[in-house]
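Heads up, there are several structures right after this.
Both complexes shown next keep chain A, but they swap its partner, so chain B is in the first and chain C is in the second.
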Partner chain A sequence: MNPPALQIRTGSRSRPWLRSELLLLGVLIVESLVFARTGTHFATVGNALEILRLSVEIGLLAVVMTPVILTGGIDLSVGSLLGLCAVCFGKLWRDGGLAWPVAALATLGIGGMAGGLNAVLITRLRLPPLIVTLGSLSLFRGLAEAITRGVDNFTGFPPSFLMWGQGYFGGVIPAQAPLGIAVMIGVGLLVHATSLGRSLRAIGFSPEGARYAGVPVGRQITVVYLLSGVAAALAALVYVARVGQAKADAGTGYELLAITAVVLGGTSIFGGTGSVFGTVLGVATLAVLRNGLQLSDQPGELAGILTGVFLLTVLAGEMAFKKYSARRVASGMLQTSTASSKPASS
Partner chain B sequence: MKRYRRELSVTACLSALLLVLAVVAPAFFGRQQLLTTLTAAAPVLVAACGMTLVILTRQIDISIGSQFALCSVAAGLMAKAGLPMPLVVLGAVAGGAALGAFNGWLVAGLELPSIVVTLATFVTWRETLRWSREGEFVKDLADGFQWWGLGQGRGQAVILMGALGVFLIGVIFLKKVGAGRFFYAVGSDREAARLAGIRPAAVTFGAFVILGALVGVAAVLNAVRFADVDPKTGTGLEMQVIAAVVVGGVAISGGRGTLWGVLVGVLLLACIAPALVFLKLPPQWEKAIQGAIILLAVAADGEKGKSS
Partner chain C sequence: MKLNTAHLIPDAGVSGSVASRAESVLRLTGLTKSFGAVRALRGVSFDLKAGEVHALLGENGAGKSTLIKVIAGAHAPDAGTLEVFGHPVDRLDPATAHRLGIACIYQQPALFPDLTVAENIGLRLEPATAVRWIDPVQQKSCAVEWLRRIGAEISPDSEVRELSMPEQQLVEIACALGAGARIVIMDEPTSSLTQREVERLFAVVRDLRRQGVGIIYISHRLEEIFALADRVTVLRDGESVGTFPVRDSRNQPALTEAELIRWMVGREVSQLYPPATGAPGDIVLSVSGLGCAAAGVHSVDLQVRSGEILGLAGLVGAGRTELARVLFGLTPADSGEIRWRGRVVRIRSPREAIAQGIAYVPEDRRRHGVILEMPVAHNLTLAVHRTLFPGGWLLPKAEGVLAGEWIGRLGIKTDGPQAPVGSLSGGNQQKVALGRWLVTKPGLLILDEPTQGVDVGAKGEIHQIIRGLAADGLAVVLISSDLPEVLGMSDRIAVMRGGTVVTVLPGGSTASAVMAAALGQPPDGTGV
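Entry: the complex of A and B
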């Protein structure tokens, strides 16, 4: 009826995530420009690749956390699971006498099983993911501590394994980078180019609605948490290869970093909207911040403080924009109704 | 009886654990050991009372570990500056309430999701503290600080009485006072509460402020057990407290739960570490067992929800 009003409504609803991604891209560019001036050797190809090398583990967790949060869920257990998988890998390789590729495969299986445990509790028993994964956060970290008795530290891995965290292809490209990029593209396609991805959004908006629309809600959610478990195992392998040791406290607090990156990237914590691309930007913003501050001789704590401030600013900005556009839609609808009622009365 | 099924089943778990201990390791019930276990649990109980209010209103606060550390260091610095203990307690409580009010403003005023807000403040406060203290302990405290200057035995008694006092006030407040019922109302149905004349935003804000103030109390109750203040104190406290509240039967979806259940939850989780020592089991299993208990407790909830 009233074209402008309709335009406003479709305009603000068609791609709600694009706005926060553009904002974040702007932050990333400004941040990089500032650090290019203040940091020694910040704006070099070598440093860019180093940032990439160091952010693969968080990147893996965050990218796979995106579909989890899209369904309106959350996985707090990934950091602990990373620790458990790292310790299991070390145990299988050193004490189990397995060759490292076999141990790595088994570790991925353990990650999948752990993700499956979360999935079963969430889908079969219909429990809130926040509480289930809070419990498994404790359980996985506890098992890691129990296996190592709190002190055991696995080291001395073979060079052919360490190469995957410390080596460079052609002397330039970090060995774990292709792995991280492949997972990123894979999950991106899964979320944005398949019916599974679309159904995840539907579940995030309304699980009941999705069920009535014929989406197998339980199965889709199971897939998402299984993926999260396997990604944590993969991140554990990369972590062990990069650091060269596996201790029970590996990955402490990583779940919070991953969630921060996802939310910064514009994914709604209530589910339904968000993108993997946004998450990648989120990871990059955090990684550049940490690296840039370090190269500018600033204290490392500043990175954490700025991360928190960023997160709150982005959220508050988004909420203000949402309220503003809701008001515009409301006033637009009011105009439409008065305009349409006019001819009737005259 | 059916209404308190969860409280009763957790109590049964705790009783079973205590019974096993009574038979196998009666030393667990030695006066000194019991006092040590209970004084270690006292700060968790105080914080859990506040967390119960927040979870009842359907919110969550994961920043309390950082608030706890800030309050502890602040209390230590105030004591070092020569302030009398009552003023130190008051200062820590006021500081905690201010930190809670900041969370409350963001959640209730700006309507931001509490889990992300408190995730952000969790990181920000912890890193600010690390930056300003650089890991340095607050040392050479006034004589009146450790055990309130009363010696260990009477100091422990004061800690326990303080925690018990907070708990009993909480029980009466939530059960018998109109304002206490508001938290249940807002948590079970925000819109219905609003139509009944309650201001949901004000109640939510209040829950965060009370939690902050109680974290301040908990920080002092914990700090006086030691000779100096560790700026890393309170790491992981949020998980401990949320776990105890959930095991105690407070629904994460808001509006349901009692403080008596929370008390039993706190005691059950607090007994595990010393129980492992006395049962001659490897103490590294503590966290794994705690995690298993949380999962079992919520799984029982799920089964119950399915059958009804």
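Entry: the complex of A and C
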């Protein structure tokens, strides 16, 4: 076994995302300190919980987007699927006459099926995830609009359902918070503590390499897109419960917010490296930014500008680090690469 | 756009005999080139005359590709001189080579598949300025002219993707001539052609020779050398064995195929290989009539016993890797039967192969053998997740113990189990790729070019490891283009050619016998 000092050194080298997480944590602390000075009632427990309440939907999407991006894929359809699931839930409850828990279960099934559709197209037809989910982005939103004919708005949900988006446990903890935290912990364990999570990274680094190692690549990619679909359905339920209505335009643009949070959290868009913790920090950074600017009476446009600045800064930092470590790795691989570039003449 | 075509108009006044064009268009002396520890060329001299077809012959790895890459300007030699048309050339890069009239036609034509034939030819011939005006009419007439000159019946308007491989080669030749090439290198141009296409290509080559173009022709097919070449240079281990005229003054063959094979192989198998120990055991794997249309493998009959090393020899493209991929379930078989320890089994995925106890260390180590970005420990355990982590939860302690054990047993030099495999040297990466499969405790281990790109020291270590595994009762299939390695390591040698096993030779067979079988020639019987 190695001396502990050695393990610490090599350990940090194999987890470059730790750097972006620390960077992001710094950003989060700095912005909180700034808003604590400029914002009215920013630095209160009540406001912190309010931020948590408002971030659960994006949080669900972003947390489950993390394993998708870890495999080198992407799911652009989650925002549209949130809209589709919202109106499906409304339709099943109001026009289908189902009790809301039954309608909610059915909605989760619809989300899973939609994710399964993405998965089949990606694994069976070998289409790039970007194209497949770009297509299903339009498809799901279009279906949502077809169901409501663009005008229908489902409202009047029973209080026992609305409670999950508007209620508080003990009058303090937002009702949807435990749900979001449970999913976060679940996906965190899946990604970091299971052999499935390890295989997902292998696929992200090198799908062919994973296949040659006997990893059932297609099956595992199917799992992450299925999860993504179910998470979108779950987010739809929380969304409808929070705003009290279900329209076809629910969740428009959420996919981009979720992806921004994931990438901000240090997950490489090329797959392989990343962490759920980073994603959670990413979601928090974005949510605090919006909330803080609001409480500081700043225009909402500033949030967009600052989000862009944060994202580009983190990406530039990641790239610089990659170049640095690539140079270090290259010095070790130099001999190999030149030797193998000698073609066995034939 | 004005093309200078004067140099290509056949000179009616000259008979075209070799004697009248004896000046060398290309002369290389003492060329040396190393890649790390591998010396690909060791003082090779070579010359090419105008109006001759000069064949370049050698085993896999003899240095042919390196030599033509030096001529094409892709590799800079470490030492040696290069003269083109009598003028010494100090630095040759691809652009300079192109300007000097050197063109290289590779096995896989490098054309733009979505553009038309005329556009492809036009792109090569027009001056490479940042902005260019394209005159489609002139582009087309120019393409028609060059295609006509080489006798190719190809429509200039068809998209290149619609053309067959030989047609694409003809387009390449048209491009080369259009660009004023006087030295044309053809790297195994016939490897994917049918007999009729070969004849058409030969007609074009002979026509080029009449026009005074110097042609370097690389092929594994000896009969082509006799049919086409004026002279032949044989390379072996990066050195030139010699340059010989193919025909004597009475136009009779001056060489025999047996002589050529002997020159190509011509060395003793080094005694550095570890000796075999013990007799082989039971048959582990037995396949009959095995085929996979997608992989180009057909009617393979083969048996592997525990404790033996079965060498799989053959030229590149003979189907050795393809056969391994079928056995490992990467491209599942669509005909024939696989028996594993006497039982008929189906292998439809690597997972099923692993479940049976079949392991495959692939040829392309960096893309398939390891995951460079992942730590050594994670690479070592990637194929045993199901047994090492039975509940699906990672067990870092168990993983650390297993990784530590194999790092020690294989002598993997690494900063630690958490160092990414990409930071290791080639030989140590190969040990990780091997270790990943030894961890699975396989019954059959297929090794595909296990020592390619590995330095000499690590090569010896890997040979020792392989021999030790066989001594412990593992069945090993060893695929290698390094003939001495196959001869030195194998208890039996299966020779593949054209997607099937043509013969199984006993251990201790001569290099000539193996080469002859791989080339499809009757053995010369004299041995080496």
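Note that the second predicted complex is superposed on the first by the 310 of 346 C-alpha atoms of A that agree within 3 Å, B and C clash if a C-alpha of one lies under 4 Å from a C-alpha of the other, contacts with A are read in each partner's own complex, and residues count from 1 in each chain.
What we mean here is this: contacts are C-beta pairs under 8 Å (C-beta built on N, C-alpha and C of every residue); 3 or more make two chains touch, one makes a residue touch a chain.
Not measured: the values here are computed from a predicted model.
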Does chain B (first) or chain C (second) touch A:198, or do both, or does neither?
-> second
Which of chain B and chain C A:37 touches, first, second, both or neither = neither
Now for A:149: first (chain B), second (chain C), both, or neither, which partner does it touch?
-> first
Touched partner set for A:216, first chain B, second chain C, both or neither | second
Give one of first, second, both or neither to describe whether A:139 is in contact with chain B, with chain C, with both, or with none.
-> first
Going by the contact rule at the top, pick out the chain C residues touching chain A in the complex.
-> 35-38, 40, 58, 60-66, 188, 220, 315-317, 330, 349-351, 353-354, 360, 362, 365-375, 378, 382-383, 385-386, 389, 392-394, 400, 404, 415-420, 422-426, 429, 436, 449, 452-455, 481
Within their complex, chain A touches chain C through residues 1-2, 6-7, 9-11, 13-14, 193-199, 201-202, 205-206, 208-216, 272-273, 328-329, 332-346
Which residues of chain A touch chain B in their complex?
-> 74, 121, 124-128, 130-132, 134-143, 145-146, 148-150, 256, 259-260, 263, 269-270, 299, 301-305, 307-309, 311-312, 315-316, 319
Any idea which chain B residues touch chain A in the complex?
-> 60, 106, 110-113, 115-117, 119-124, 126-128, 130-131, 239, 242-243, 246, 252-253, 282, 284-292, 294-295, 298-299, 301-303, 305-306
